[in-house]
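Some structures to go through are shown next.
Shared chain: chain A. Partners: chain B in the first complex, chain C in the second.
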Partner chain A sequence: MNLHATAGNFGVGLTNATYWASDKKLTEFKAAADTTTGVWGGKLAIDVTSVSLSSNALRATTDITVAFMLPVTTDTVTAASDFVAVQLPYQWMGVSGWMDGSATATASLKLVTTTGTGAAAKTTKTAVKGAVSQISGCNVVFALDTTATKLAEGSSYEFTLSSVPTAENAVFGAQMNLGSLVISVGKVATGGFGYSSAQLFNALASQAAPKGKALLEFSSTTVAVSRGTYTKNAVCVQPATGNFAADVSVSVQGTAFKTNPAVLSAKMGSTKVCADMGTSSKTQMSTHCVRWTVNNGTAQYTNLPTLMATVNGALATVNVPDKVTCSFDGSSVPIVVTSSALPFADVTVALKVSIAADEKKTDNSVGITPTAGELVTLKVG
Partner chain B sequence: MTGKELLYVLAGSDKAQFSLSSTTMAVTGAKAGTKPSAPDMKLAMVADKSESATTVVEGTCPGLGGSWMSLTPLAANAPVLASAADVRAAHGKFAAGKEGAFKAPQWCYAAVSVKDGKTTCTFASASNHKYTAAMYCETIEGWFFASKATNVTAKDNGGKQVTLAITYKKAISEITNNDIVLKICGKLAEALAVPYNRMTDSFGGYFGSPSPSLPTSAPVAPAKPATNATANATKRVLANATANATKPAVQTEWVINVYAQPDPFAKKADNEALVKATTGTAALAAVDTVTKATYGAMTAKAVVTTEVAVKWIKKPTATGGAKQITVAGSTDVGGYVYCAVSKTASRLRMLNTTNATATNTTKPAPAATKEVVSLQSASTASKYTIQRFETKTAALAFSLVFTGLGEGKAYSWMCEATSLNPIAPAFRTAMEKGTSSTTAAPVVVAGDSTLWSSLFAAVLMIAAVFFY
Partner chain C sequence: MAVVGTTTASSNEPSATMTAVVARSLVNVMDVGMVSFTITPKIADFGGDSLAFISFPTYYNPCVGDMMRCSLYDTKAKADGERLYCMVAWDYTLQVMGPATA
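And then the complex of A and B:
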C-alpha cells in the first residue's frame, strides 16, 4: 500500500476495439520503464467500521458514535495525531447553536483494544483524555490532552459526539441518507492528514418527526426586522400539514427578540397563528438565530426550527397630517398619528409653536394653542 | 388667528428608528357652521373588503371630531345610544381581540381629521351571521350624531352542515350512551383537526361539553298491546295468513348521528371535502378507537344537509298543572323546538304594569344591550330546565311537560324553534316567552277532632228531631 519511492515498469497494450467486447485480446504489448523521479502513490482512508446515532428524530438530540481504525501508512503520516474532527453532512444544515455560540459540543474518544481471538476475544475501551477545542456549524474538533497518548496507526478508536442537535429541516432530514459524515485526524500544529471515505461505511438514517408527533413549522424560516420596531405579522406558526390538531402555544426564547402578543396561541382547528416580531434599537444589524419554546401541544407537535432573523436599520415613518382646519371657538381638532411600524419600546409625537429662525424670532403660531403636555405615544399594548 | 403653523416634535426610546412624514402642520381657521339636522352617515357594510371572518363597515361623520362604530349580534336587539357619554362608556367596556368576539358586541373608534373622511372599522364575524351596526359622531363643535341601526349580514362562505350516520350492529343510544357519542365526536374532531365544537351529537353536545338539552333518559318505546291469551278462547281462530305481518321487526341496527359543522371563518367552505373527510380512513379509524371493542364494526355515511327555515304554526303556549307546566305548539316544517322553564319560581307577584302617574323623575338608565339568550347554551341551562323536541313532517305539533315544580308558583318560560342543526342553526324563530303558574296545593281537610265534633253535632240534631 501507500507510497512508492522508486520507479518501476509500465505495461502498454493495444487491441482492436471492434472485437474487444467478444474477444479481449491484445494485439500488441510492450513494457516501458518509468523514468519519472519522485514519490508517488496513494494512502488508505481512515477505516470507519460503523457510524451509529442514538436517535434519528428531527429537532431532538442524538449521540453520534463513530468506530474507526487508523491504517498504517508508509510515511506514518497519521501517527501521533492529536485531534479527531467530525464534519456533519450537508443535509444536517449545521447546528445553529454551534454557529452562534449559544451551545457547545461534548465529545469523547476511546482507544479500543482487542486481545485474543474467537470466543476468547476480549475488547477493552480506554478513554483518551481530551476536549472539544473548536466548533462551527457543521464541524467539531476534539483535541487530545497534552498528557494523553497520541493516536497510533493500526489502532482502533471509538469517537462519540454527545447530545448533538439533530436536523431541523424536514426535507433535508428525510435526505440524511444521501449525506456523508467525515471523520478526520491530524495534528493541531500542522493540520489534518487522514480522512474517512463515505464509500467505506454505512449511510446515516433519514431523520423524521418522532412517532406520534407532527412537525410544527414557520410559514417562513427567515424574517426581516427593522431594529427599534415590531414587524407586523412577521412570524406565523402552522402545522406542516393541515390544521392544528390540538391547542398549541409557543413563545420566543431570550430577551433580544419579542413578539406581540408575547405568546402565540393557536386553537385546535385553526390554520396558523401569527405575531408581530421586534427587537431593540441596539440589536446588532446581522442575522440572528431566534429559538422558540413550545409551551402547549408538546404531546402532538415537535419543537419549532430555529428562525433566522435579519435585523436591519431601516427607518419607519410616523405619519402625521401636514395641514388641519380648526373651528373658531370649537373643541380641539383631532390629529391622527399612525406609523408604518410599531415601536419596540415607544415613540412620542407632540406639537409646539413654530418660531422662525430669523433675527426677530417671528412667532408663526400666534393664536394657535397646542394643548400643553399633550402627546401621542405609540407603543405596543 | 394670525399664526399659520405648528411644529411636530418626535421623541421616545426608539425615535432614532423613526422619521416624521411632515415636520410642520399648516393650520387654517374656519367658522363653525350650523348643526345638520339629520345627516346621512352612509353607514354600510363594505362587501368587497369583507370576508366571512371579518366584516368591514364604513360610515361618514358630518364633521371633524371623534367617531365610534358598534357591531352587535342581531339577536341582542341592541338599541342605538342617545348620548356621547353612553357611547364612551360602552366603548370603554369593550376589550378588543378576545376569543369569540364575533358573537358579542364590538366597538371601534377613529378620529375624523379630514372633512367627509370615512371611518372604516373591521369587526370579527362568522359566515352568514346577522348583526346590527350603529355609528356615532361627536364633532369639534360639540355636536353629537347617531346613525340609524343598520342590519349587516356577514358574508356567507357557503358552508353547510354534514350529517354523519354511524351504524352499529349492537345497541347504542345517543342519549344513554352520550358519553361514548361525545368521545366519538372528540376523536373525529382530532382526526379532522377541527375545533371540538364543530363535531356535535344530535343535541348539540360536543367533546367535553354535553348538551344542556340532552334528555335525562331515552324515550320509552310505545307499549306493546297486552297479550290476552284467554279472552278469545271461546272464539274460533280463523286462518290468518298475515297473522304476524304487524309484529314489530327485531331491531338489528342502531344509528348514531354526528354533525360536522363547516368552518364559519373560512373564505369559502368546501362541503364535499368535509363529507370526504368525515368518512375518510383517518376519521373512521378514530371512531373505531372509541367503539370497536365494545360495539363492534360500524359503517358510516355522510351527507350534506340543507337547512330549511322554520316558523310557528301555533305559537307556544304554557298551561299550568299539578307541579308541572306543559308548553305546546306546532311548527310549519320539521325542526328542533327548544323550550325552557325557569328552575326557580318568580318571587314577586305580577302587578299591573300600567303606570298612570307620571311622577317618576329619576333619569332613565341608558338602554342596555340585552344579553343574547340561547337555549343551546350552558349559561341558560344553569337557570332554566331545557327540553328539545324534533318536529317532523307528519308530526309538527309538540307538547313538552316540565315536572317537579313547586305548587301554586309562577315560572317563566320561553321557546324557540330552529332549523335542523343542533348547534349553529341557520334559521330561528323569534323567542316566545311567558309566565305560567302551577296549580295551587289542594285545600287540606281539617283534623280528626273537628270531624268527630261535627259528627257528634249531627247525631245530637237527629236525636233532637226524633225526640221533638
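And then the complex of A and C:
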C-alpha cells in the first residue's frame, strides 16, 4: 500500500456466479472501514551479500539461500526484528501450490558469526528458531519464535527457503535475471522496517528446462469447463517446439477433474494430443489449479505446468424426439436420445406415459406401453 | 463496483442487511500481511456458486497483491480453512470465488 494518513473504506459485495454472468450485479453490499493509517518504515537497505539457488531448472524445486547483514540504522529501527520475509520476483509468477494450499513453504534462519581473521577465521552458523507464519503465491514470512534471540543490527544472517517450486513459464523463467527478489525484516507488531534493494546484489540466474529435457506444454494454460459434462478437446498437450521426440503419456492428478480418454498418449512424431475434460456437477464454480503427471517420456520431457480450469454452470441439453411414428399393432418404437455434451456422470432417460393436464386427462400415449425398467444411459465409453 | 460517495453508514447497497468488518496485519508501507474480512451474508449462504467482490481503498496497489492466497478462516480452529481462488477482477477490486460447500 502507499503512504496514507486517513484510512479509507473497503467495499464488500456478494453475488452468485450465475447472476454475475448474466447481469453483472451484486445481491448484497456493505462498505467496511479500513483499520488505520500506513506509514513508511524503511530506513536503510539491507546489505544482501549473496543470493544462491540450488537449481535453476524450470518446473523443479530449489533452495533459495540469502546471506544478508542488517546495517546499523540511525535510530536502530531494525534492531530486535522478529520476522524475515521474502518476496519472489514477478518473473517467478508465484508458486501455485502456495496459493491454493496444496504445498507449504519451509524456511530457516541462521545467525552467522565469524571469529578470527585471515587463515584463523572461523565462521559459525547458529539456527534461529522460528517458523513460516504467512504465505501467499510469492511471499513467505518467517516469524521468530518468542524464545529466539531477535535480529540485531550489525549481525549477519543466512535465510534459506527450502524446496521452492521453480517457475513454470518458460518465457518468464528465461527472464529471471531481470527479476527483483526482495528480503525484508521487521516486527510483527509494528511492521517492516528493512528492505533489500535488488540493484545491490547479484541477479538470479535464468531458469530453463533441465539439460537433456525439452518442455512439455499445453496449447492453452487456461480452460473453461462446464460442470457435469466433458468439454470437447478442452486440453491439448504438445512439445514447446516441433513434434514429439518420443512416445509421451500424461494424466490428470486427483479426482476432481477427469479426461476422456483418461490418459493422453502421443506417439513419437505426432504434433499434439488432445482430450475432453470434465468435472462433477457438484464442483464449485471457481478457477481450479489442475496438476498433471507425465507417465511416459520423462527422460525426454519436463513436467507440465499447472492448468487453470475455470468451471462454469452452463447446462447441457438431453434431446428426445417430440414425436414418433408408430405402426399400428407394432411391437416397438425406436427413439433416439442424444445430448449436447458428454455427461460427466451417467445420465439415464426413461420413457413414461404422458397424461394431459386437461379435465379429461387425455392419454397422449394411448396405445403405447413403455417397457418397465427400460432405460437409456448416456455415459462415457 | 463503484463505491463513489459512500460511507460505512450509507452507500449504494443493494441490501444493507449484511455486515462486514475489516482487520489487517499490515502496518507499514511495503509490508506483506493479511487483511481479513468478517462477513455475515443475509440473503444467501456463501457457497460453491457464490462470488465476493472486494474493492480496496486506492492507497493499496491497483493489483492489490501478487499471487494472493485467499482462504476461509476457521474461527474455531483459529487457522486457515479451505483455500479460495481469488484474482484481481479489475483495478483495486478483488474477486473471490466461493468455497466447495457453504
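Annotations for the structure displayed:
Rule of thumb we're sticking to: the second predicted complex is superposed on the first by the 331 of 381 C-alpha atoms of A that agree within 3 Å, B and C clash if a C-alpha of one lies under 4 Å from a C-alpha of the other, contacts with A are read in each partner's own complex, and residues count from 1 in each chain.
In the analysis below, a contact is a pair of C-beta atoms (placed from the backbone, for glycine too) under 8 Å apart; a residue touches a chain by one contact, two chains touch by 3 or more.
This structure is a prediction, so every number in the text was calculated from the model and none was measured.
By the touch criterion stated above, A:Y90 is placed in contact with chain C alone, chain B being left untouched. By the document's definition of touching, neither partner reaches A:A127: not chain B, not chain C.
After overlaying the two complexes on the shared chain, residue contacts for A:T348 are found with chain B alone; chain C is out of touch. Once the two complexes are laid over each other on the shared chain, residue contacts for A:F29 go to chain C alone; chain B is not touched. Contact with neither chain B nor chain C is seen for A:A356 once the two complexes are overlaid on the shared chain. Once chain A of one complex is fitted onto chain A of the other, the partner contacts of A:Q284 are limited to chain C, with no touch recorded for chain B. In the superposed model, A:A240 makes contact with neither chain B nor chain C. By the touch criterion defined above, A:C138 reaches chain C but does not reach chain B.
Common to the chain B and chain C interfaces on chain A are residues 313. Contacts from chain B toward chain A in the complex involve residues 1-22, 24-32, 64-66, 99, 110-115, 139-142, 189-190, 193-196, 198, 263. Interface residues of chain C facing chain A in the complex, by the touch rule stated above, are 1, 3, 6-8, 11-35, 37, 39, 41-44, 46-61, 65-69, 71, 80, 83-85, 87, 97-100. Interface residues of chain A, counted against chain C in their complex, comprise 1-4, 7-18, 20, 25-36, 38-42, 85, 87, 90, 93-95, 98-101, 134-139, 141, 184, 186, 188-193, 195, 282-288, 313.
Listing the residues of chain A that touch chain B in their complex gives 226-229, 239, 242-246, 267-270, 281, 313, 315-336, 339, 343-354, 363-368, 370, 375, 377-378.
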